Amino acid sequence: MRGFASDNYAGVHPEVLAAMANANVGHARAYGDDPWSADARDAFRAHFGAGAEAFIVFNGTASNVLALEAMTQPWEAVLCADSAHLHADECGAPERAGRKLLTLPTPDGRLTPERLEPLAIRVGDQHAVQPRVVSIAQSSELGTVYSPDATAALADWAHEKGMYLHVDGARLCNAAAALDVSLAALTSDVGVDAVSFGGTKNGLMGAEAVVLLAPDLRTGFQYRRKQSMQLASKMRFLSVQFETLLSTDLWRRSAAHANAMAARLAAAVGELRQVTVTQPVEANAVFAILPRGVSDALTERWPFYVWNEATGEVRWMAAWDTSPDDVDAFVDDMQRLILAKGGPQSIR
Amino acid sequence: MRGFASDNYAGVHPEVLAAMANANVGHARAYGDDPWSADARDAFRAHFGAGAEAFIVFNGTASNVLALEAMTQPWEAVLCADSAHLHADECGAPERAGRKLLTLPTPDGRLTPERLEPLAIRVGDQHAVQPRVVSIAQSSELGTVYSPDATAALADWAHEKGMYLHVDGARLCNAAAALDVSLAALTSDVGVDAVSFGGTKNGLMGAEAVVLLAPDLRTGFQYRRKQSMQLASKMRFLSVQFETLLSTDLWRRSAAHANAMAARLAAAVGELRQVTVTQPVEANAVFAILPRGVSDALTERWPFYVWNEATGEVRWMAAWDTSPDDVDAFVDDMQRLILAKGGPQSIR
Amino acid sequence: MRGFASDNYAGVHPEVLAAMANANVGHARAYGDDPWSADARDAFRAHFGAGAEAFIVFNGTASNVLALEAMTQPWEAVLCADSAHLHADECGAPERAGRKLLTLPTPDGRLTPERLEPLAIRVGDQHAVQPRVVSIAQSSELGTVYSPDATAALADWAHEKGMYLHVDGARLCNAAAALDVSLAALTSDVGVDAVSFGGTKNGLMGAEAVVLLAPDLRTGFQYRRKQSMQLASKMRFLSVQFETLLSTDLWRRSAAHANAMAARLAAAVGELRQVTVTQPVEANAVFAILPRGVSDALTERWPFYVWNEATGEVRWMAAWDTSPDDVDAFVDDMQRLILAKGGPQSIR
Amino acid sequence: MRGFASDNYAGVHPEVLAAMANANVGHARAYGDDPWSADARDAFRAHFGAGAEAFIVFNGTASNVLALEAMTQPWEAVLCADSAHLHADECGAPERAGRKLLTLPTPDGRLTPERLEPLAIRVGDQHAVQPRVVSIAQSSELGTVYSPDATAALADWAHEKGMYLHVDGARLCNAAAALDVSLAALTSDVGVDAVSFGGTKNGLMGAEAVVLLAPDLRTGFQYRRKQSMQLASKMRFLSVQFETLLSTDLWRRSAAHANAMAARLAAAVGELRQVTVTQPVEANAVFAILPRGVSDALTERWPFYVWNEATGEVRWMAAWDTSPDDVDAFVDDMQRLILAKGGPQSIR
């Protein structure tokens, strides 16, 4: 199967799989007290700074929830976009952990200090949750990215108010590749306090990490991870994935490729009169509106998601393994379906 | 490194790793909607009966906590041995999920209806948690096993009182191999309501499963798994591990081998005057007391855990990859250390 | 002090206080196993039907949270207005209990099936919380009421979708008095499944009740109350308050009086050119916009709350003990302040 | 009804009820921002020191759970006796709040550093909850008291290990009265970090307080109280109860009376050959074993609790309103029943 449903429909990058096989030698201490895990922690520090402390967990839900728990008391709120994965797609995991989200609509998935200002209220009022964390997704759920300056502005705003800035970095590599900057340039260099760093969507088999940058967040985090059911026994097999991703340029290579495939797709559908691209294509996602009949027929062969049932807007994700041929064949099929339904004038 | 610390110090069985590599082809629907996951669910049904519903999760903590949550309201209690992993080694994960454990001491890690009877009290008293689940570990944390009859007796006792029987089966394969019975003979055939089925300690890279047998437990379990941060996106790589373990005799082969190595070890140390084996060796664990100096020196080369600091009792676990040579070399070293410290008369 | 800040600034109705004193005789079984508590439960049944089961708790936060917990699994969502007390003023208590709220804006605090429809989505999608309860406030936080028909329409809509209808009845008496109907006419007669019934704002010293109407909600509720820290030991002193409120017409008398005082206030300020009443005055609340300087000066003598800092909208609540003289003096002061600041033409 | 079941079967002390009636004048700011609440906070400071911060809550369950939550992270454990109310009679409320208790048996309900030592283990082990609080009940659930020295020894032990000392002071007044010392002598003067201070069992209608002594515990406690559903709106009526109890000697007068009645009862039953007093009678509880038939017949007229079904041990509590006549009549009835069943030789 090939498709544009999600970057987690893709498999494991061959370099990662090979490294996992190489780690399968003899016994190793469990729960992270092994050489591969030490190397992975070093690799995170190489990217995020000497003060960064990384804790590997199983999935993105956990990476987000554990980071936010570490940044808040139960009565403190997380401010995020209403399109945030946290809010929309975690089946209430943050709330199950006892945390309230305060959300706001955005046109493009991006928060700004101006948009946040109306949520930074009722400080000191015991009847209201107290704003404590701003959480942004980088790249955002709508495929847009925050520049280093935009991130710094959010960090400054948050810190002035005694709040933290959290980055849901399920696709942080895509953002850094898109902007051609380092991972630090989008996080540790500009005041981010904690990152939920994604690996799975960028070619790992399954590993995510909470990267704590603000020093006061680390206390007891190892217990939090265990108690929250996120401590792997055979940790070496998670750690080696990150070590492979981060110790060479694999993270950037894979992400840049996915971004390029999204750009190729956006360019190609931009030629089709009946397709409207609805968001800036800045990372590896393309959002578009196309005729419902075309969309329905197309997804039978190429799985993808309808993002908005009301408008018919769909989301196409490119992955590390999306090939130019995949993109071209997908657009060909789309064009054929449009022609079949709309006649020759339906193509520009 | 080689050692006897834990069966989770071992790596991945080559057949499992090969199957994982074979699953790395093209795209697959995420979150369990893929062919490998369907096959794994079928494999569980083949072992546990047509009514069994298996939900794969990341680790044993989750497998236990999610099963127990499904069986209880927050005010309902889980009865278990005070040696239960649940109670002693999960960093309070069951309590973090809002559940109270009522524990009792046992000589050998095994519960019986007689031992449980004093905990089955205060039913209907609103000031007391209400007993709702009996949880046993099979094989137990002390390396002992429950026969099918002993399990049936517990199930009958529990059901008569309106309670469920849960099996923490992190090492269920070892128990079934030891007793030379099927997995069903220890679970679905004798009234067990839910199993936390372990794969990681039996040669998988990292996958556990909640196997729900009582039909009323399934409602909404998929949401519980997601909300509890235990839903893998690239599920195929977890599912294929179980499919490999369960669709051939690999589960029994690996477990029986580990059991045999524990037996070999127990037999060998039984010859040593200064070593006392403290528990029946029924599965893949050996518990023993040996001179502290010997123990300290031995563990530098061969990692293992002190089980009881007060008595100096240690635990030695055999794994799927423990070799006869490992056992023999370990016992040789032990004997040499005993001789060095105690003189010739120290060996029988 | 006199004011219009909240109906919970008022004291205890003399009939209630007298009944509490009368209950202070000898010993009584604790935790609700006393005659006053039995009478209170009967009083609730007399109003809400023979199948109604009432559990008295300490405050409105608990009354709402416990009712909603009884109606949901942790992954099930509560749909409510974004003005809901639940969402805005409980310091995250529902989320601390592990429940997610899905909110929507309303012009007047009232939900309708049409407004709710966009939230009743993603049923069966394991990544999304599952809609399970519609929660309305009666009277609403904006002082509006739901007619029996409007309530029935919501109940029908909810039930068709397998959902429950919950009424936050902190001011249910005010609504029933306003519509001149029975408490049942707004609840049990029209399909409501659970009511959080308020007493404190209607002249009690401090007592609220969860009234469960749907029979399947009762299981284990007594344990839930205890575990949630809401079981009073000297329950007779809470129960006798409700018995006093409900066994005569005191509930309606007090509520109708408060409503009448709000109407008197609304009528009087309606004469003032510079005051705009912003919501229909249907129960005991008046929402208005008046010149900021007037508002600031007025609240120094007569406490009340600014509802919306941005627009300057304020809320005036009338209570069971608000007198016509209070209203008249308040309006006189308001008029004097307007004149002082705006000159004679500022009064119509 | 008169009886010896619990000090919470008693009513409200007349001085307290009168003060509550006096507080029922006009409007008062809600949620604790009223003069009575300020006075109550001052009264707590007068007893517990200028640094003491008191937060009034509804009941003892909450007073204990909120204090312990403030002292712990979710992965930190509370060490207590297995007879602790916390463990045995709160229907799992501490666990519902996510905290694990580690319990140990005691002969008399009292902890000592020596008894605690075996629980202060596994510090730094991520698989184990981390010991963080020692919680003692003063007077204990078995009617014994801790001297100032015994309390200081526990505080020193706890602080050396980086732990807190918590006092469940549901009956702290009884202990202070019994030892003829101040409340501070048992708490703030000897290193106690937080007290759950009981009023209800000592003649209040229903009010308890978390008294925070260690300064680092206060941060955000007001939000914790609200979120945990323990903030009263008409707070004046709770505050005035404590103000009345603490601003005169009423707290000591009532407690000393209850203690004296327990002593009178113990002395009288000490004369009965068939009654064995099983615990030191140091406060207001008497534990005894008497013939089962006598016990069963006696409790029909005088309610009390069987403490231990296995041994037939019963508990008799004296309250602020227990009269000498109550005690004498109770013992007379007991003697008559013993005679009726055992003949003249059954009385010494």
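The first chain written gets the first letter, and so on, giving A, B, C and D; residue counts start at 1 in each chain.
Keep in mind that, in the parts below, a contact is a pair of C-beta atoms (placed from the backbone, for glycine too) under 8 Å apart; a residue touches a chain by one contact, two chains touch by 3 or more.
Being a predicted model, the structure only gives us computed values, none of them experimental.
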Contact-graph separation of chain A and chain C, given in steps at minimum: 1
Chain whose mean Cα position lies farthest from chain A: D
Pair joined by more contacting C-beta pairs (C-D or A-D): C-D
Centre-to-centre distance between chain D and chain A (centres being mean Cα positions), rounded to whole Å: 51
Distance from the mean Cα position of chain D to that of chain B, given in whole angstrom: 42
Distance between chain centroids, defined by C-alpha means - chain C, chain D (Å): 35
Per-residue multi-chain contacts in chain B, two or more chains: 74-75, 90-92, 96, 126-127, 129, 223, 226-227, 231
Interfacial residue positions of chain D with respect to chain B in the complex: 74-75, 77, 88-92, 95-96, 98-100, 121, 126-129, 309
Sites on chain A touched by chain B in the complex: 1-3, 5-6, 8-12, 17, 20-21, 23-30, 58-62, 65, 90-93, 96, 200-201, 205-206, 223, 226-234, 237-238, 303, 319, 321
Interface residues, chain D side, partner chain A - complex: 31, 73-75, 126-127, 129-130, 220, 222-227, 231
